[in-house]
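Several structures are given next for inspection.
Both complexes shown next keep chain A, but they swap its partner, so chain B is in the first and chain C is in the second.
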Partner chain A sequence: MSSLLALLLVPVTGSIVAAIIQRYRLAERLVSFSTFVVTLLFLIDIRVGDAFTWSLGFLGKNIEMGLQITPLSIFMLYMTIAFGVLLTFFDLTERSKMKSFLLLLTLAASNWIFMATDFLSFFFAWELMGWASILAIFGGRRTAESRHGALYYAMMSIGGSYSMLIGIFLLSNLTGSFSIQQNVSYLVSIMTVHPWWVLGIVSMFFVAFMVKSGIFPFHTWVPYTYGESPDGFVPYLSSVMSKYGIYGFLIFLPLTLSLRNVPGVLGLPWPNYTLVWFGSITAVVGSVLAFMQDDVKKLFAYSSFSNLGFILAAIALFTPIGLTAGLFHAFNHLLFNGAIFITVVAVISKVGITRMSEMGGLWQKMPLTFLTFFVGIASAAGIPPFAGFGSKWMIFQAMISHGLIFATVLLFFASIASFLYLMRAFHAIFLGQLSHKYDNVKEISAIGKITEVFLIGALIFFGIFPGFILDPINSIVGSFGLKPLPTSGYEYINGFFSSVNMVSIFIVVIVAFIFGFLLFAVSAKHKKVPQEDNYTAGQIPKDWNLTPEMYQFSYDFYEPMDKEIAPFLKIKIDGFFKGFGDSVEYLGSSIKEIFTGNVQIYTYLAIGGLVIFVIAGWIVW
Partner chain B sequence: MVIVEFLIKLSQGFGIGALALATGLLFGGIARKIMARIQRRYGPPFTQNFMDLFKLLSKGSVSHGWAFDLGLVAGFVPMLAALMFLPIGPFTLFPSDSSLIMIVYLMMMAYLGMAMGVLASGNPNSAIGMSRALMLMAGYEVPFAAVIFSIYFFSKTGYLTQIVAMQSGGFMNWNIVKMPLGFLAVEIVLQGMLGEKPFDQAIAPAEIASGPMVELGGKYLGFGMIQHSVALFLETGIIVDLFLGGAPNFWIFIAKQFVLYFVVVLVDAILPRLRVHEATSFFWKLPLFLGILQAVIVIIQGGVLNV
Partner chain C sequence: MKTYNFAALLVGVPLLMAFSIPLFGFISKQLAKWITVLTLTFEFLFSLYILLWHVYPFNVIMGNWVPPFGENLYIGSLATILIVVISFVGLMISIYNLWSAKYGDVVHFALLFLMFVGGSIGLISTGDIFNVFIFMEITGISSYALAAYGPERRALGGAFKYLVISSIGSTLYLFGVLLIYTQLGTLNIAEIAARISQTTPGLLTFAGILLVAGLAVEAELFPFNGWVPDTYTGAINPVSATLSGIGSVGGVYVLIRIVMTVFGKNGNFVSTYGNLDLMTLIAILGTATVVIGELSALVQTNIKKMLAYSSMAQMGLVAMAFSIGSRLGAYAGIFQLINHSIAKAMLFLILGVIVSFGGERVEDMKGLWYKSPFLAVTFTIGALSLLGLPLFGGFWSKFALVDASFQRGGWYDFIMAIVLFASVVEAFYYLKVVGYIFTSKPAVSEKIKVEISPAIPIAAFAILIIAIGIFPQIVSGISYSAAHELTDKMSGYVLNVIPTIVGH
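The block that comes next holds the complex of A and B.
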């Protein structure tokens, strides 16, 4: 049996077992963890080029279906499954109502998506992934809200799927085949003759991918859904599932290579240019909305799709450095977003709320979680020597090299805004005054601690040795027919304008820190004081009945900023979708008006229908 | 052999750090003197900042826990680390790593550390000050990004050393002549970066009790002072490298830095403090317009790079 099939069958089997024993939470979680581990073991002896095909009789036709491993798919598979191992390990002691069998079903579907060679199985796997994840979102902390979030997500993904389905059938009608490779090369061949046709069909697919990744203007479901889904599932949702859209984009982006000689904007073909803008706007919208959030899960939901905007902007350039930067950022986002969300989940499980303005001072109670979060946000902000710096730095170089001034400034703004919301979350959750109601909060379990230490290690390791990720990315870039960036050792990142040696940066920072701590040690002694002992401008807290909660400034942290960005907030994208929903409802109810229950009206309708049918038949024949 | 090399680099790095710190402190002292003379006072001696730092480091203080200690150490250490990659006059410690964006992001780590320290103290004034500092940062980093863009696109390199080398051979080769609008934008940005009036909302002594520094005393305030002095050196140094053609030796480098800082001090002396949101949106108007205009000019001149 091909081990490619094992990547599908192992998770499905695990899922069935988990579904049967779902009553016993620990056993269920153990099954989920061990399934991920076994899948990872099967993945290890899979190499690029492995393939498996079978055929399916469908509507009297014999349809070739298959699985194949490309450099991109093996990269994505490793990312998904390795992260899943980490997450399910963490989830062993997590107490939310997440159903592990749905997670495993999602894993099977995602493995299939990355290996599918034909659109039929791609679509089937896409839908399986979609529905499994929708069902997984039910069972969040608040029942009614999580149902609303799941339905919102369901509506958006159904819209995307319909769009993709129409695209698939349009294409297969034209080529008579479902094979992805054949269809894409067909699109390349008619690119110069019928550019608008190609654009139309490809945008059908892109709608589905944009919905899945939460790209503007289809980002509206992300905060609702992430905010309400079960705590154990959010990290997977935001770190892994948002990348499926990126994989989808990369199926079609090679098309634009044939447009390189057609005049566009600043040496970029029009489609790439447009996608870069979609990416940049997503990045800005996500960042700006994030720093106005008070719900921690929603804040990082916005942050998550903001980073997807960075990734899209970079891969949409489809130059060697752009593609490298985008994929590298996808990897880094997986890591730092995982670290952030896992710590956030750990905090939520201990304090029981998601409103940041009611937390504070938790660093005293959960030091390791605090450090993990710190490393996570430092990476997310792109601070060297942590992971996250290299990819952001490359994205900027990729953008600058094309002279995309406005999009670059927007991305830079998004990057600064990300610093703002990260600091806000950092302060509101971990810093400031510790409320007395959290006096009994304890650090998370040993399993959680191991996960956190591992994540800190990974964020530092891949920050210092980016080459371990850049090497596979280079082979992906090569497989798309682009010239990979030069490599010169595991510690180097070679950009377009400059290269950096991460190890030397790391050593300089470490030496500087040693010096800093020496200075700290030799300068005069300090004495530790309790948190009440603060400079209060003459007020004595006890006399004024001041509590730690009153001393915690975190609600509406960036209030003065509201005035500046208020005009932009008036543009409501979800208002548009709501209006659309309302008009569909209106249309539906007006159609329903016809069915009054009066037999006479039905008779008239039948006669009218017959007449139209006859006349239409007359005209057609 | 490697160890000897390491020790040489270490001592050189130590020297750079000491030089930057001394220069920053000296600039601060001179600024106090200038300010006093504008206000018709005698003012402290220009060595006052050295004495202050020495006093602070040798004075007992209170700590609010390990996150407070770690944060304040992490507040000035990355500044020193970033300094190691800056070409100072003819000298660069790591010539192959002087990437501009890398230095800017390394400086960001210092702000992150400083924020962590002062916020861990749990004083609401420091939280308000930090929120203001971050909002101001959202303001000035945007025009700064436009200027970085222009420089990268114009010089076709991201190494500060190469940007400096491209400007050698006289005043007419300096980027200030070639990109005057960008320089203007960055000089305004410098005012915000250094937190001088009209952009001193974060400190705002009479309003929020010195903001982030409210809980700092003794060595912690000393660390804050080191951070500010090194940041002063680093930020003016970057602009000297970017626009004023670097320098053939340390003295000219420091003189050029001082010219930049002198303008900042004079502006500081005459302008009042803006409101927080006014300051942020100011950066999104004039400086950003100048920066983008400069970038557009550079793009039109330079055309598309061969990718």
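The block that comes next holds the complex of A and C.
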């Protein structure tokens, strides 16, 4: 099928064009947008089962490479490309230094990852996506920090891909083939004989996937990198690129089906159980760290990988409901995270800073952005009837149905913590008093407004009619050989214990909202006060070294709670990686001393080497 | 045995032209430079003809003395591809020199450069172990002088260090050759290779150690590579490019030819005759070089020095790839050698342009993107290719290298883990420079104007890197048949030179 190739060639062509005209920002962004649109048009023509193969003369043989569409890959393709269309549309008026051609290269790589049938092209695409995104991050707002963030990401990501590379070769040496299908079925066949080999090989792959999705303990790069990436790129990074890891996990998770009869924990095989815990811990770590952030991009970076923890915990169960819940949450995360990051980017582009304690009251200036953000965080918090409720509800059901009480409690905790940080961001950015600095702030451009309206619509639509997403997910679940959940109309979510009619929930929520609004309307009148008109009892704030920002009630928003958690924060995974990096550098500066610049030393080195060889030869002799 | 004596021109023409350059120099200095370009164009086209029309493998026989009695050149697939690469890199650097060689004794610079390229081609094509020494001396002496060329005093220091270490190397090599000659009474590589098992194992081991130690100097393997950082840093950039793009290719080639063809004992994995397996020795040297090179490069603040250490580390990688001893390993080694030669030569040339507008510290790369997008993009392409990232040539060779070493298994798994770790280190310092290029605004926003004659070679290298990255078949096929020459020495090499000989 040529349209499969088009999914690779169109973005590459677009990327070349965008690279050539990158001097003209609007033209470049237009190219980027239209490339995404054209790719989406090609995608419409593509059906499950389409395949394309070719062979490459490499390694002294002809290596079969191929593209193939599975239910999972088409789901992922639609998700990523459609989101990309929306994002590049929004980016048309965005002014950061993001290079569109790198985004388009990432798109080509991403399409390839989802379609690859062999590890050679999978790795090729994976690395391509890696370096394109690394270079894209270099364009951040603050130069030194964005370089640091990109390098941190690069180190983790390259380390992860080398780990995957080792896995690929350990595997392909056993089977003599790069085909993903063959290798996975080979692993299934030796599963009972050599479980430890399988575990070892698959772990090598999982490191790469965990890095990319920001799963504990490889989550440390996420806040640095998201916090410093160009504003136009960060929604893509967090909404789309984090899903590559999830896709990777789903390549290998079917392996565990053959372990179902082996005793494990609570009816779950050990690998699944362990991954569920990795997911749950990630969710908690992300949420707890998120609510202590004052930098809005960092806050949502933590939030982002915390949600990835939810997704991993659900898909790791690899039961019909777990898988459905995980994929559903992946979709919802894409939407609400996109909505949140796009609005955050819109706000940052208007106020020019990322510290939340210096914002505040912006809803008066940017009402539509405010509304979008509200819908986004309501979805993220899992409040019905928005998207995000259904998937979280299903995740909890999936967990409890396996009796994973402790992990479920952790996830509940993470969910509550997520209320806290979402509340913090919501208050700090949009509510409260407006600083005079922002008197001239305006709502974003018409293009931004269209994007936001679309996002609100999508979040509500898929919240009320989850069936439109659950249907394709059911076919994915079926393609893994699991029994899909029963369906009963687009407005229903069928869980393990019960099913929910989202339309009735929607009506209830609307009624409750109207009731609440009526109460608000009839209650006492409100008085607006400026930021300075505050609680200092006649003192002049300057005498106290106070600035207007410190009156912002979101300054040190969760101070008591921060103090409670502070001792735990001394455990730094981040510190481990940093320390490791430092010791490598230290090693480097010691080793460099070998090359003193003195020719006598060099001569001694050479002669010394020779003597050692001769002695070695003599001993063997 | 196929003969094609016309190919002697490959070695003869550059040497002849080199020595007649002073005559042209009397007419005009420009003419001397153009003679280099023309000669190397001839070399490149001729070698390309040999490659594309599949003239190889053949012998060049001097004065009808059939090997092993006379001196011969043997140009098989390995020599062909390497000569193509060397003459291409040489041609590009000579075009670059039209712009860069403008001070001092331009005429003699052109002479030395041409001599160096001609010597390297001779080194690769000769079929005689003593002629290897002669060509090593030709390249050596011309490169000492080349390295000393330029306005800076440090060039002299670098060249002197190179001279000292390299002389030790060639002495050791000569001594090794002597030991073999006393045993077998012949200097022909093919004959020695066929009869190597007739020697006394003890003496052979000693000879092998001497040869490896001597050749490791040119192949930039630790601990014989002390000269590398200072010489590369001291020399002007086109000379660094020459040393790294041409000199190291010749060095590694001879090392591998001697160890795998002359000493090699064929099996599933090539090992060597004698008491000590020289392949293991090279594996150890190569791995140590990779680690030491990458770690030293990590902390450099001078970008030229960084490239020098990286060059050393890459040579270690190549040596390690060959030491695997399988056909796939040799294939990966050749592939990596070619990719490195192109990419590193390009980086040095780019640096030459940048240095002519400013310093050579890592900080001076800041904001290169704003000064010259062309140089920024090409530098990035070269760096990413060296890191083995996809769309660029380096990806395929690194992939092949990892494949080969995991297929070998055993302690190569361990070596590979070390090498991959070193690669992460390498990624860090290259990406750091790339980061400087793209993120920071420059201190002085002076634009860098790249003239046409340096732009041509840089662009050509960049296009070639991407072409190999997208169509690895360009290099893949010929590399694989070249690998056969190394891993099956009788049918790959010896019988092509002396069809009647019987292996012992």
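Going forward, the second predicted complex is superposed on the first by the 543 of 621 C-alpha atoms of A that agree within 3 Å, B and C clash if a C-alpha of one lies under 4 Å from a C-alpha of the other, contacts with A are read in each partner's own complex, and residues count from 1 in each chain.
Everything below uses one rule, namely that a contact is a pair of C-beta atoms (placed from the backbone, for glycine too) under 8 Å apart; a residue touches a chain by one contact, two chains touch by 3 or more.
Treat the numbers as computed from the prediction; the structure is a model and nothing was measured.
Of the two partner chains placed by superposition, only chain B is touched by A:Phe412; chain C is not. If you count the residues of chain A touched by chain B and by chain C, you find the higher number for B. Of the two partner chains placed around the shared chain by superposition, neither chain B nor chain C is touched by A:Gly248.
Contact with neither chain B nor chain C is seen for A:Gly167 once the two complexes are overlaid on the shared chain.
Contact with chain C, but none with chain B, is seen for A:Gly159 once the two complexes are overlaid on the shared chain. Of the two partner chains placed by superposition, A:Gly467 touches none, neither chain B nor chain C.
Of the two partner chains, chain C is the only one touched by A:Ala150; chain B is not. Residues of chain C touching chain A in their complex: 157, 160-161, 164-165, 168-169, 172, 201-202, 205-206, 208-210, 212-213, 216-217, 222-224, 226-227, 229-230, 274-276, 281, 291-292, 295-300, 327-328, 331, 380, 384, 387, 389-391, 395-396, 399-400, 402-403, 406-407, 409, 416-417, 420, 423-425, 427-428, 431-432, 434-436, 438-441, 472-473, 476-477, 480, 483.
Taken together, the chain A residues at the contact with chain C in this complex read 56-60, 120, 123-125, 127-128, 130-131, 134-135, 138-140, 143-144, 146-147, 150-151, 154-155, 158-159, 162, 165-166, 169-170, 172-173, 584-585, 587-589, 591-592, 594-595, 597, 599, 601-603, 605-610, 613-614, 616-617, 620-621.
Against chain B, the residues of chain A that register as touching in their complex are 266-267, 319, 321, 361, 363-364, 367, 370, 374, 377-378, 381-384, 389, 392-393, 396-397, 400-403, 405-406, 408-409, 412-413, 416-417, 419-420, 423-424, 426-427, 431-434, 495-501, 504-505, 508-509, 511-513, 515-517, 519-520, 523-529, 531, 533-535, 537, 548, 551-554, 557-558, 560-561, 563-564. Those residues of chain B lying in contact with chain A across their complex are 10, 13-14, 17, 57-67, 69, 73-74, 76-78, 80-81, 84-85, 94, 96-102, 105-106, 108-109, 112, 115-116, 119-125, 127-128, 130-132, 134-135, 137-138, 141-142, 145-146, 149, 152-153, 156-159, 209, 214-215, 218-220, 222-223, 275-277, 280-281, 284, 288, 291-292, 295-296, 299, 302, 304-305, 307.
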